[in-house]
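To keep things simple, chains are lettered A, B, C and D as they appear, and every chain counts its residues starting from 1.
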């Protein structure tokens, strides 16, 4: 049905031509579900754009081509392509909210496509659009027709995007990271929906993702890409059990899954023994009745509703829960960046909640509590080089200057595995993993006792995530810090943490040792979270109890 | 919908302190003007006594706070006072002259939009190309010219040398009679009256001053259109639309341009109020009987009531303009006034 | 590891500037022109062929010639010399006015954007009040009230421009108030004032550079407009605006050079400033570095 | 514009139809001239620069058919024309004259001051004898009284109509007259668009003089001089009134341009005696010898008007304005400077008005440059128009400045009365000389043919030209360019008298 032959795509850029796709070939049969996996920048998206001929200005198909049902997609006229897009081949994209025109009613956006492809007339467009919305199982479709994207949740937006893509009954659906940016539970619901539709209608599909686990769960065959080339292709189970290419091996290893140790995420040659960390019996931090209420536009928002927990010296505590449950709010309060509405934060017996956040910057305990942020890019000052960023807390809190400061920065860079020559670079000149290292180096610079990690790996590729997680584990062992590790990914938490707290809607619903919570979840919500995480097809994995998720 | 009206009425409330501030500042500013209006208006051969008489007649012998209270009291009754130099109530003067300025400004803006927006779109669809650079240089050249200089050069070339343009004598050549006043906009009034000749006559008079002003406003509009179009075109929803096979026109105008319109409308508002101020110079060059020339005259003569009235009228216009922009926003952008924004 | 790491490499900055200039020919042109104006402001008065103030009754209103490139004015003064010498004053007016509004606007905007709440509301209303005035007329009023000296022209121009900077900085600060690097800076032990001054504010610089360049141009036009109304710099000081305004009266009688040359010069200067904006932004924006 | 319509452009703006109103500007005086009649008017003579001019020496009837002056000169009896009617058809009566004169002396401000110049101070001085007989009683005889009745101020208003529109707060109907012309004059205003134009239409029943040749005259207000020039040059308008000297000089080569030196008007450099350097007679003389008269006359006036320098020191006649004995002589200037108390020079400011910058600025620049050569550093100061009168004339705080007083009543003593007497408005130099003070008072009301008159005037000239509080520069001209029109007549009030204008085929 679709055959790609030595496709090469290049972009004109400031510094000459960049080859984004360097000659890839694969075939897609009718009804087949293909997965394309690879790390960021490997050319997955560009491949799909090239198929649709919607490359950005400056991009062109340099060589090779693609044939879809006998039509040469490279040579076809623009009007032919317009007919193909949406009617024969459809795409859905990541970040559904941004993928919809913000100022047009979603119903009209669906109509636009229907009318474009003459699948509807002015009279029946509305009715067909509603039918398309019903097909993606949106509740109350007729009412949603009138909605604007901002009035819908992320999951609903993605359903609308899917409705647009499938409105004209295409034969091939390309989904480019359709669930990035969605909540883990929503992700599952959306993927199940797409998969259901694809199967029901007998479509071919291409799922582009960097999550090997996700791909293997929803695809018949997986293509692994690296640097614009296909390095390996095959059935999911085969890839997982017997990867041929070292890169595939690395990806497989790095994918967090049950029953592996944190070191096992790394490539075999990097698996040095992990020094054990010691958990002291005395509590480092005691949180009592911690509450935060925001004055929202439409009434108060109870972001955190009276949390109680304790963190011991040397202990790593995981904090999990879906988006908006109050994880970041909790960590900000603990980091003393945000004033609590009520409650106590006892740090070695001293109540930090009584010190206003604005004054805490100059408090001696400031150096004892540090934090690593979710978005490494956002957390680095774009005007400061890596070195300046790392040096900042040292200058402010330790008073180091001159050569001593430089030496300490270099030491921290070594500790976090940041090559020294990168220290001069600005954040935009660093990769995601490197930025994460700068963020970690900066946080551990004043040698804190307590480190809060707010989803430090959420924006990273799995292989980099693996490295960062191991780095954190090493640092903990070396420096004896305590962690509060915030994440929505239970698999990751299990690797790094001793203890886990599950939050929902601002409340702690379950807490306990990792092994207990993961293996015998007491609260149904914890079970939801567990089942939503994509599972790699590891041969020896015992079946998890199947839990149906509610439709969004 | 409720959110929108809430936002609009919120704007009206916000305007109140602004108007109060404008009243106070304009009062103080006029009093700070050099020159004694009493001397000015007492006439050529005034003696001490007659100056004093005039001062009392104008109420300028009273202490400042009292003058202010009197002024505010009058304002509250809707009385803008009387211009000493024209001898008319300021409100009447403004009502007479405002349409002239508005007609000129709006024509200039329409002209400017008609050129700048397509230019901006063109530049945005080919960023970095020579067309883009040329647009940038052209519109920048336009905004770099002092308006009075442009005006004079245009008059010199098109009226004096070539004789194409009509004499730069205000809104209508004297062979025509003013159309019966309905809106005060000659083009509209003449059209309503069905008087084709007068309409053409009024249009001819408008062209040169409108071009002068339009040249000056091309740059902000074109630049903003370009920037907004660029960011709209790079947005994800454009990719979605293209991937769904929508036609080029639909994508460019139906999707990208409508989104780009939001910042363009904001810019238009700013340009409008800016141009109303810049009118001062153009009106002088083209003998245009607008409020700009009125303001200059009043300022030079220290005609307190006229200056204050003018400033207040402009402030009201500004507030009104912001409301119009908000309304335009709420029409274009459904998010307006909702919590999501 | 050396101390040098702690500040971005100097050579990198120069290379970056060169890159920005090379990348866009229009930007390069504008910087070249700017250099030219700067030079004529600095050493122009030393190089001009005639005393810009000296009158010569015998060569009144002579058209451009080999002796007088731009002709002479109604008092026989050399227009070219006057145009060149005026550069310094005009640059001083625009740069001083812009510097003043930049400084005041930045402080006000930064505080309002960072503090939010009623500080923000009050400032916004104040800015609205200024904006509600027709700006050119406000400038006229201020100059008329304070008297027409160079300093007052600068103040007036600065005052009408403050809202633009304050708004811009406020918006830029506001979106970064909760940014990760702001929080990180606080974690690093910076007080609010330090966070604002050294971490958030510098990030607002790139868009402000565009504003600065536009305003430099506006400031000159503004001064020229004031001169046209009769509220400009004191004679006989040469100033472009006055020269155009006075020359304008001579166009119809055929002495076009009186207005044309200062007008073109003025336009070229404003044009240069306006075009420089994008380049300036790219230079101060580290993200443009590669 | 067809044959019976004539278009005039002028840079001035009319702000009222009523000359008596407070705040009425100069340009509006033309309404009083063209739409109203006075009892008497001046005759006509050939103007020095070509064209016609009013003739101060001849008083002619306008509304008054005849008049008699009593022996003692205290009673003026006017007989009104029996057929004179207002534009609404009603008869012009002595009661109208009285009401109008009462109004002029009562409303205050400029009209009242001007009436006083002719000895007309109070309503009691005006009596109605019968419908056609009107008597003015003076406190003392004065040669200025009758001419003062021919200036625009004492115009005759339709008092019945005016009183019908008067209110208790507004007994003089200023509100009504501001917007309506209710006179008996040659024209009526049929349309007035503020800031744009005034449209006049002929009064076919005018009795004040020959009925005007043109039926309709439009006066367009065009602020830009360049535009005015372009319009008249292209023939789009027939008359450009009060154009700059430069345009006049250049247009004179293509069109008919009347440049009439303005009688009794002098552009002068004033030295304020409140400032120390100018109390020194040598300094004043040094300045007078240093002024580059010729250059100023060329640069500021483009040779329009009349020179007022390089005259003889000996005073043989009393014609006025009179060229001074000074001319540009830098050596003499330097000598005087050396003899003064400031041999090394001093610093001062030279002030000019923005409104009058068109002549003041070039003149000031040339003076500044020249004074620098004798060690006087003058900083130029441009004072906004609104402040000029206050600073220069009322407060008299400007050390060195340019000034341009012109008296309506064309006698030298009248000029002296305003410009050289202590505390008078136009004495911006704060000049005080006991003898001038006395002589002025003595001659002001004396007839010009009185034997005492000429010697006293000559003495006054001598003193002020020696004392030099005002250094005369030149006598300015009023320039009018016509293109397809004729019949222009110059008036002392410097407003356009449209009554005599006619169109000609060009």
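Couple of notes before you dig in:
Methods note: a residue touches a chain if its C-beta (ideal position, glycine included) is under 8 Å from a C-beta of that chain, and two chains touch if they have at least 3 such contacts.
The chain list, named the UniProt way, goes like this: A = ABC transporter ATP-binding protein; B, C = Peptide ABC transporter permease.
Since this is a predicted model, take the numbers as computed values, not measurements.
Steps from chain C to chain D, minimised over paths through touching chains, total 1. The pair with more inter-chain C-beta contacts, choosing from A-C and B-D, is B-D.
Taking the mean of the C-alpha atoms as each chain's centre, chain A and chain C sit 46 Å apart. As a whole-number value, the distance joining the C-alpha centres of chain A and chain D reads 88 Å.
Taking each chain's centre as the mean of its C-alpha atoms, chain B lies 40 Å from chain D.
Each chain gets one centre point, the mean of its Cα atoms, and the points for chain A and chain B are 50 Å apart. Among all residues of chain C, those that touch two or more other chains are 144, 230, 248, 251-252. The set of chain A residues that touch two or more partner chains is empty. For chain B, the set of residues that touch two or more other chains comprises 33-34, 152, 155-156, 160, 284, 300. Contact residues of chain D toward chain B in the complex are 1, 7, 9, 13, 15-16, 21-26, 108-114, 117, 178, 193-197, 218, 220-224, 226-227, 230-231, 234, 236, 354-355, 383-390, 393-394, 418, 425. Residue ranges on chain D touching chain C, taken from their complex, read 225-227, 229-230, 233, 244, 246-247, 250, 292, 294-295, 298-299, 354-355, 357, 361-362, 364-366, 368-369, 379-382, 384-386. Taken in their complex, chain A has these residues touching chain B: 52, 54, 56-57, 81-87, 90-91, 93, 95, 98-105, 112-113, 116-117, 148, 150-151, 161, 164-165, 168, 297-298.
Of all residues in chain B, those touching chain D in their complex are 33-37, 39-47, 50-51, 53-54, 57, 84-88, 93, 96-97, 152, 155-156, 159-160, 163, 167-171, 174-175, 178, 284-287, 289, 293-294, 297, 300-302. Of all the residues in chain A, the ones that touch chain C in their complex are 14-15, 332, 335, 337, 358, 361-362, 366-367, 370-371, 373-375, 377-385, 387-389, 391-393, 396-397, 402-403, 405-407, 409-410, 420, 423-424, 426, 428-429, 439, 442-443.
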